[in-house]
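Here is the structure we will look at, set down as structure tokens.
The chains carry the letters A, B and C, assigned in the order they are written, with residues numbered from 1 in each.
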């Protein structure tokens, strides 16, 4: 598969595709992303009239439907002259990248999809995840953080979709990624090496098979804690919800104590930039992140 | 009325197709007897005048077969043949020969069965197309001249 | 006027059962030019051949058509018979009425008619056959061997011992190749250096072998028996004539012990001036100009190195007088030699086990953590640890903390047999050397635990399977069938997550060290090298042999032979065997002063002046020729002025494919044995 030509990102105005999660259960991700962008003087323009990307039920039931749903978002972005779209949720960004690649490679799929959505799409829109956003903004961030995270020990958890499928997302090393650690280091935090950074948390089964979630997420949490992590950094609403919301149940089930805050990379960036905790939605987590002494 | 038996000229390369045809023989595979093979070292040797001449001299169909791309005994002869073929194919209709009468194939030395089925296929195709008579007048004139 | 004889073979019942041979003989008798037509039981037998020979003499035949089996069976037989009877062998052709007629058609009438047609086509062709004489090409009896590993050394010694001169070119500062890096070899656990170094010394001191180390092939032109090779002697910055190999310079270098050395694959260190390993042949140092302080300073300042006064401690330490053996001003030298045969023995490289570099042809196995964890090493690095002259003097120690590992996991098939991320082929030697590694580890660390994750165990050679069983039964290596999915680090240990497919369970091992059996790969510049020698290569850049079964040591280009791992992954016994085989082929070539080639080659016509040839000099033939056999010939007048440039076929190189003939627009080139006239004659007789 080939991806459409990557156009250089405009430094000031970025397209923004929050997706369902950021408008719903993961509101704090949206809040913190916007707060950080404002602090850096970047404008995030939400795609007008965006629709669901098809990540949940869509792509497993009807591939054409999923492609069309994503393609419409891309076409809207194009129309609204948003060449690069920040997509903080990796499920969404994977859908958008996948649809873009499919229509680029297959003109017939493209014409069918365009007919369905009644819009044309010529390519030229690039979806980036939050880690890529931070990496691109590293200069702006580094110049503004003082002591940053002051050596906060963070285990970076990538989950399943940030680096996979490798041919679609083409981001970092699928088996052994290091991009989030680089960002944490730049924020003056201390990334902690642990064994489960790309392991499954049971995410997909969160409603249908919660036992699996408890078992798999426990492994990740215990491993991170044993490696000395004070927090787990994530860049995905699904990861955050599973590891955070289920922690109490895991502790009860296995009779262990964890108390490991699961924090969005955007919230860490916000803290490093000195933004007030309340403005980053840190109060919306199940396992709260304690204030750090000066 | 006897059933029309087409006459088929086959230009094949020594190293692959001829060997494949030999293998069909060693394996005792049976196929139509309408083919007359002309052995050349490589399909790269084939001048498309040969094909025109074959039709002129009574062939109803022509088969050209060599090594698979990448396997040419001389490394690249069959690539030249393939390139010439794509150009020549367009000339066929202009020359008054239905394109279906000329078949271009790759048969390796291990593909005895493929050779047998290819011959049968080409024979059937030629039988359906009927005898090739367009150049017969040329022959008659030539023979008339020779007699004189 | 043609006097053609037609001989139809019954081949017992093979032909006669389906083809009415007597009738065919009768019909052949009335074909144009035929003066004699008979059928016979077995023409290839002695009496059969005598029949043909007698007929040639009696009827003064000018051409012969033998209608029998495939020419691929007996063309040589009948052509030799014709020659013995005084008829030029190329005036004898065969009509295939067995494999392509009697064996494939059941209907007697149809088969007989087809046999008649095929014979008639050959009669028409033979009437236009010319007498052709084999082409003689002189042979220069010097061989070029490229690559000084075990295969190159073996080939060089075999050819040199037969009395011919050999030029052996090696790109590293010492010969020995990868075999010199090994500790002990399977299946005997022979010390690799012990069996190799005598050969290295023999090759270096053999009176017939001229050794060029730290050298590369610049270009190769010419054809079989007559090659010209340009060799680049890279500047060593050491005068080999003066240097005694005392090594004082290597000790004086301020970078000594600071640069990861290639021989120890990064586990050991060297300086900028270095001897690659203690048993190096020749035992003389070279200066790595990319690291040397003086050369780097000179380059940065943009001044010639002679004017730079940075460091220079190596020269100071050199005891040779009055002129030092260290020579900073040395430059690359190009040497030209003429040789008759080339043996390519350039060997292999190893996939490291980590992430790919830009330009690499594979995605790599990042999940094993090779690039991130020092205690995850590859097979060759393990060899260096196990080697008595290695960076740890033969003790198995963890690179991270220098402690002895108590649990070592060996992972096989890293990058091999892997469609998605690596190479599709099997690297052949890893099963054996992993068993060996497990054994060596257990011999050295008596309480250690060796665990091997495998997909299969391939141990086909002599004593090979017994060797693996020894590892399992005598040395308690634990073999688990399954792959490793991930290796991560926890505390000071490595967490290896894999599967045991025989029990259906997931397996986790806390290991102290992991050894990856990584894929053998072609050299990263194998394709460039192959193009220099006009050798073919496959999708993985292994050099391609002329025929996979019957011609394993010849390349597609006549006179260029292949030996060792450059042709495909293989172990030492096979490399040595192949090297001797290639040497054998070279000796066959050198056994006569002249080479005889079949004259079925192309020829550009020549006519009387002032035309000289109908060739117009468009050189479409030259572009089309797959063998590069067509040259430009400048036809000059008496004063030396060029009046016309035409094409000329080099008879020594031409392979006889005829692509040039079809490419020629003016009909000036023809292929002997398959001229337009001959082919048109066959078509005429359809």
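As a working rule, contacts are C-beta pairs under 8 Å (C-beta built on N, C-alpha and C of every residue); 3 or more make two chains touch, one makes a residue touch a chain.
Just so it is clear, the structure is predicted and the values come from calculations on it, not from any experiment.
Averaging Cα atoms per chain gives one point for each, and the point farthest from that of subunit B is the centre of A.
The chain pair sharing the most C-beta contacts is B-C.
Inter-chain spacing, taken between the CA centroids of subunit A and subunit B, is 62 Å.
Spacing of subunit A relative to subunit C, judged by their CA centroids, is 51 angstrom. One inter-chain figure worth recording: subunit B and subunit C are separated by 36 Å, centre to centre, where each centre is the mean of the chain's CA atoms. Touching of two or more other chains is recorded for no residue of subunit B. Listed in rising order, the residues of subunit B touching subunit C in the complex are 7, 9, 14, 18-19, 21-22, 24-26, 28-31, 33, 36-42, 44-47, 49-50, 53-54, 57-59, 72-77, 80-81, 84, 116. Of all residues in subunit C, only 355, 363, 365-367, 369, 371-372, 486, 488-490, 495 touch subunit A in the complex they form.
Put simply, subunit A touches subunit C in their complex at residues 166, 173-176, 193-196, 223, 226-227. Partner subunit B is touched in their complex by these residues of subunit C: 70-72, 96, 98-101, 103-107, 110-111, 113-114, 117-118, 121, 536, 556, 600, 624, 626-627, 655-659, 661-663, 671, 674, 676, 679-680, 682-684, 686.
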